[in-house]
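Two complexes follow with chain A in common, the first pairing it with chain B and the second with chain C.
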Partner chain A sequence: MKFVLALMLCLFAALLPQPGWADEDAFATALRSLNADSYAEKISAAQTLAALGDPRSSVVLTALGDGMLYARADGSLLMEAGGSYIDPISGKAVPGVAASDLTALTVNNRLRGILRGLQATLDISSPDPAARLKAIQAVTALASPESAELLHKALDHESDPGVKKALQSTLAGLDLVSPDKDRRLAAVATLASSTDRGVQAQLQSLIAAEPDPQVKAAAQKVLSSIDDKLAAIGFAANLFQGLSLGSVLLLAAIGLAITFGVMGVINMAHGEMIMLGSYTAYVVQEAFRAWMPPAWIDLYLIVALPVAFLFTALVGIILERGIIRFLYGRPLETLLATFGISLILQQAVRSVFGAPNKEVANPGFMTGGFELMGGFTVTWNRLIIIVFCLVVLGALAALLRWSAFGLQMRAVAQNRPMAAAMGIRTGRIDAFTFGLGSGIAGIAGVALSQIGNVSPNLGQGYIVDSFMVVVFGGVGSLWGTLVGAMSLGVVNKFLEPYAGAMLGKILMLVFIILFIQKRPRGLFALKGRSVEN
Partner chain B sequence: MKLFQTLVGAGALMAAGSVSVGAMAAEDTIKVGVLHSLSGTMAISETTLKDTVLMMVDDINKHGGLLGKKVEAVVVDPASNWPLFAEKARELLEKQKVSVVFGCWTSVSRKSVLPVFEQDNGLLFYPVQYEGEESSRNVFYTGAAPNQQAIPAVQYLMSKDGGEVKRWVLEGTDYVYPRTTNKILEAFLKAQGVKDEDIMVNYTPFGFSDWQTEVAKIKQFGAAGKKTAVVSTINGDANVPFYKELANQGIKAEDIPVVAFSVGEEELAGIDTKNLVGHLAAWNYFESVKSPENDAFIKEWHAYTKNDKRTTNDPMEATYIGFKMWTQAVEQAGTTDVDAVRQAMYGQKVKNLTGGTAVMNTNHHLSKPVLIGEIQANGQFQTVWKTKDVIKAEAWSSYLAEDKGKIADWTYPWVCGNCTTGKYAAQ
Partner chain C sequence: MILSRLASSQSDRRFWLGFIASALVLCLLVPLLNALPEGSALHLPNYMIPLLGKYLCYAVLALALDLVWGYCGVLSLGHSAFFALGGYVMGMHLMRAIGTRGVYGNAELPDFMVFLNWKSLPWYWFGFDQFWFAAVMVVLVPGALAFVFGWLAFRSRITGVYLSIITQAMTYALMLAFFRNEMGFGGNNGLTDFKDLLGFDLSQGSTKMGLYLASAILLGGSLLLLRHVVATKLGRVMMALRDAESRVRFLGYSTTHAKLFAFTLSAMLAGVAGALYVPQVGIINPSEFSPANSIEVAIWVAVGGRGTLVGAILGALSVNAAKTWLTGAAPEVWLFFLGALFILVTLLLPKGLMGLKKRFSKAEEGHV
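Moving on to the complex of A and B:
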């Protein structure tokens, strides 16, 4: 039956006027063999497809790489695009296909790498300069003699200056191993402005094997200039990573700077406030997924911020009114009580959401990054968090400095009886202050959900670091918290490459212990009568 | 075959001495201890295994129980607290008088309960892949040893299909499992002719979250022009920020693949896997493998948890195999007496969920197949490579100099887990 149908289809197809009939056959055959069992067969089929130079090949290979190519029970292939299925031969949509009847064509890393290379050879003549640049990079990674030929051809037709430069430096890299001395020398000269680690490695191997002293000297000179540049880039990368770690520490510590710094409550449940904030982000994300149009999903993070602030502030106020206010002036009992609260909150979250981690996806604007130079990648989520923590700190400082609530808060912190005598309702101020600290911890939780785990234990990882920052920076000083967090972050990141992550952290703690011996009140100690008792 | 097994079992029973058979017969239930953390850091992984044991107990009771008795699970919570593991184990063995315990995840918790099981002659089934270098008379290890996970994974990456990797980053969390595994891997790689400068070993603390420097270092190490891969023994919570940082810094699996030994379906559920497609994991089980046994297991699991989305993973399969083997051994021995059951365990066979048959060896470890899978966008693994046959676990690595000649064999004439001459050796 199937055979008859196929025959009829063939006859029908033969009746239609079709240019390149032979090619058509080759395309269909190669396409069919993509659905082979072994990866070796798939690879040769993909190479055949690319060699055909058919415009459809590029589309099919992209779909294969993305896992969007499916096989039907009869062996014919379909592509998925925007939720509908398309026949790759005719390019027309095929209606009425159920996803359960299809099996996706499997791809492994080797095939994926080869596909990327093939794709690049097809894209190298693309009209879009960005696509050409990407293609050149991919072809460079392949580094075969055929690719040199291909790149030379591409250079002849290239008009875009950026792409031209990339091509020249890639070709220079290939010329480094040329038997011709002058070509090697020219290649070294072209590479002088490079900041690529791959070039560094290439030059090193050139110097090791170079027979000609002139080329060797030139290569050594270029290599040392590249080394210097890369060292400078490494320094900048360390600084950025340090600031990023500092911003995370700062975010975790700002809330504690209020509850511990201003109110003097040793709040062991601070980490759990951060955790509640992260879970709020998760809940808001799920709500968006369930009820909002898919295009709005990226907005969930912005909505989560005020929601997390209000929710954790409310939890904070309830805690303060319900438990902590009875324990003022008894630090040991406060410590134990808040530690108990932290365990209760953890287990409560575990009971409601379950023990496994929850997935909080990065919105589009926080994924990926851009390579600045020489392998130094600035990732968006880190950059946004640095800016965000500074904004939060600024807003908090402004609130304390200029608002009536801030004034009252400072008054209560400095001299409670006097503030009460002036008509300030100190109980209410205490509750709001604790709520503010908790709310900021909640906001921090939303931000931290973007870089780490969302699990019931999330808070524990941050509580020690938070206390470290506040004590180091100076209890009660926001400015101290900022400087403390940033310097701890940067010092840590400069230690890490040499000492390793483990030893780096130990050295850090030793440093802080020694520092506290010298300056028990931290970097920026508050002065005045209030501190004396 | 069945007859042969029964004979072995019967013989074993006589040999082991049937002192406690009479004492056990008086009880009308068989107690099974479950020693998994239900709170604290490890709850994320261990809760699932507790549920698996409960599901199996449920299932066996539905089918008439064991030796005509009902099986009763005794669940305790050691709360991710290592010393508490020992206390709870003692409680299970001495107060609850359980016949067998299924439990532990981390190696440190296993090491902490080991003296208790050896002192009280209890029976522990340990279901997690681990660093090897151990074989206790009172423990059956149903997870993978390094030669059933780490070594095949590295061999795959060295092969043509794996990308012919020449440079290696061994990245791990700083504790006993990664350190021992990396020691074995380093010895293996050097035996394969990999040079010192092509191996980078790095450790980070538990729960490490700021991966910027480490990932940048990996990127730099990989830029030297040789194909590079990362072998990750990063544990638990630290994985999510690690993979996020990899994706954000633009490291693709085609350039620098990461093969992980502690990342399974359960861990991937907490990560957005779209940017991780192609990174690898080596296990003895993947949920995505199609087989009648696996389909039935997943169906039962979904029905038991009343949740269609709950994933299954490798330690669950190890728990499943361990539980099945134990019930078979008990039926064969006709008693739950530890010495009798231990003898009946040797050569015990259970069908793997991924095909083939798992066999319990006399070194208390299993023979199992090894699978390598690539992460897919849907959070599942797609098998890209599988051993042709089952691989027998080595308790002592053949690549470490200090393990040379060490034998784990609990049958005559060896009867020891760590010796170079047998206890009853004739030579």
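Moving on to the complex of A and C:
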């Protein structure tokens, strides 16, 4: 508070050389009468001071509200700021004043309330746009009949476009209830560009109470245009939320699409690979906190990606070589064995890190967001994850399409004995393919650590969903996985407002169960001639 | 005469010997040991009776899964959904049987509905105050769901892991649905605070013993029924389609019908098992639908040995006994143990305990 006051004093000193706004004597008289005995007199003095519009008034009133205004024995007033005493009229420090010579001016709650209102009206003419914006909000909150007048006056002087816009829209809101018909009409016209839900409600109540048909018609027109705009914003918000959910599903499902699609292995431990990735992010973050300069902390996420990839890929390769390769050709047993692996991994992580959630902080560049339209905020972390998952998908597609490893992988997927006969070491390809799928699950885990809780059960929440994506999109098709994930995500988010989160999800599952009836091999099934795989 | 026909082969004779011995142990020895005075060294404590009853219900569920998995090659990962549905049906009857003894003393509405400010009973709760109606529904509800689901799935020739995944999706969807308060099944808390069944007080030791015996009889009956089913021509078709579905289809058999029959029958058995399970544990809630539960059933069957029926029972009993002991003695070890069980059984014991037994007996014969 003291700092603010000191700041205001500087401001006040800067303003002093300007030719006085009001009569110097009037200011001095009003100031003196602040030191009255009764609160009624103090209030009228404060109002006089505010009415003068003198830049010094604001400082004096703030000091009074904060109990920093003192009277000397001769009746002249002094303000305290940063330990020294200042003459409010000249703005100069008065040396050699003892605290014992001064009596503080008393304030009660009523006076304080009035002071706040007066302060706001004064701040409307403050040279700082931010202060004006704040004052406008304060005046609006007061909602006294005079506020509209005051704001109108301020609008005439206003030069800053941002403040002007805010002024216009608040004014319009106040003018809606003005007794003057023209004002109401003008207000309705001003509000046409608004996308605020509050305005929507205001207009609705206006239409309900409006006696004048002209105003009513105009209000109805504006209201319907606002309704349309809000609906469009809602649509965009749903779409964004849906794409965000879809990208999360995609990240969780890509790795599965590889192991399931290319190798035909149902990996029930896939969710736990995601969970391991998230814990890797947590460990890397803690390592950065412990050993790296604090300024570098944001980089932990960049470092965590390759670390998580390598770690989970290694775990995947070990599992493939140690367990899964003995079960090829027995998909149901593979399913059970990998479920066992998932139980062990969960319990292992719980034993090492404990059951409670771990906190993984968003780095600076992923926090916050920007407002695209009224009330629709795009958050950076979700936007970055959408882009990130597309990058991962693209990189993976490129790897499969153009690299030697990708070529060998596709060859093994299509015809294992033939690939082996051509000299491809199928065992090694299997291990690397499984490692690749697991590694992608790991980086998915790093991404998911940015938007959710990191706990040993993290993977469980994604496993059914990611299977749905793979089955829906079609096994063995990255394109199908993309379309499957995005459509499931978007449809889910559009269902949510109507059906609620849980019912929306249930409907999705029922839909997929029915969809599989029609296309048992998914949207983008690989075409083949064999009776069964 | 019948007995002599049944005991025609050596393995048959061995089965009947084991069956009668187990029946004697379960239906005579257990009540007898329980009836011994408390201080006696052989006394079976009262709390063990519902616990054993619970295991027997699990064993019926494992039997049901063995029919579809072991004999038709259809690994359902949603069988605990049928079990839970049967349980919910029984739970609804037990809720209605509470009458005015609930916390709110409302004769018309169960407590949770009064709590949710519901004014009248939802239509699907009607009739559940009658035991016969609930008893019919215990079979009908899981059976109908399995019939519709199976018809859709098998008709489209969804097989293997795809079927496993969508059955998992089914039980997951049901779990989410039953978690909702609006469904009218008690939401998160499920149905509980049961008082009596057919006028017998559920807290009485004799009622518990009766439920336990009913479970034992159900298990024995199910075993005999399924043994009969798999021995029929239909059972032969099931085993054939498990091994080579296309070939069976090309030979002119409807594999869809065979699988659908097995799936529906299996779901009905699971439902009955669930219905007997609920009064013994005293609660049914949506977590019974959780996909992990269904997968656990699969491991019971795998541990015992698929396609043997008796193996499923052995697996269910042994794994659950281990679970009760381990979760009490060293809770953090249980998941490691269960996980290792999944891996080791699939890797090293593909035929389960029954396969192990066979291997030993073969080795003995070899020595002779």
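Quick note on the criterion: the second predicted complex is superposed on the first by the 371 of 533 C-alpha atoms of A that agree within 3 Å, B and C clash if a C-alpha of one lies under 4 Å from a C-alpha of the other, contacts with A are read in each partner's own complex, and residues count from 1 in each chain.
Here is the rule we use: a contact is a pair of C-beta atoms (placed from the backbone, for glycine too) under 8 Å apart; a residue touches a chain by one contact, two chains touch by 3 or more.
Predicted model only: the values in this text are computed from it and were never measured.
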item	value
Partner chain in contact with A:47 - chain B first, chain C second, else both or neither	neither
Dominant contact partner of chain A by residue count, chain C or chain B	B
Partner chain(s) touched by A:342 [first = chain B, second = chain C, both, neither]	second
Partner chain in contact with A:361 - chain B first, chain C second, else both or neither	first
Partner chain in contact with A:67 - chain B first, chain C second, else both or neither	first
Touched partner set for A:113, first chain B, second chain C, both or neither	first
Touched partner set for A:76, first chain B, second chain C, both or neither	neither
Contacts of A:502 with chain B and chain C, given as first, second, both or neither	both
Which of chain B and chain C A:198 touches, first, second, both or neither	first
Doubly contacted residues of chain A, that is, touched by chain B and again by chain C	347, 350, 500, 502, 505
Residue ranges of chain B in contact with chain A within the complex	38-41, 43-44, 47, 160-163, 174, 202-205, 207-210, 212-214, 216-217, 219-220, 223-225, 237, 240-241, 244-245, 247-250, 253-255, 257, 266-267, 269-272, 275, 277-278, 280, 374, 376-377, 382, 384
For the chain A and chain B complex, residues of the former touching the latter	39, 67, 106, 108-110, 112-113, 116, 141, 196-198, 200-202, 205, 237-238, 241, 244-245, 248, 347, 350, 354-359, 361-362, 367-369, 371, 375-377, 379-382, 451-457, 461, 493, 496-497, 500-502, 505
Of chain C, residues touching chain A in the complex	69, 75, 149, 152-153, 155-162, 164-166, 168-170, 172-173, 176-177, 179-180, 245-246, 291-292, 295, 298-299, 302, 332, 335-336, 338-343, 345-347, 350
Footprint of chain C on chain A - complex, ascending	266, 268, 323, 326-327, 330-337, 339-344, 346-348, 350-351, 460, 464, 467-468, 471, 500, 502-503, 505-506, 509-510, 512-514, 516-518, 520, 531-532
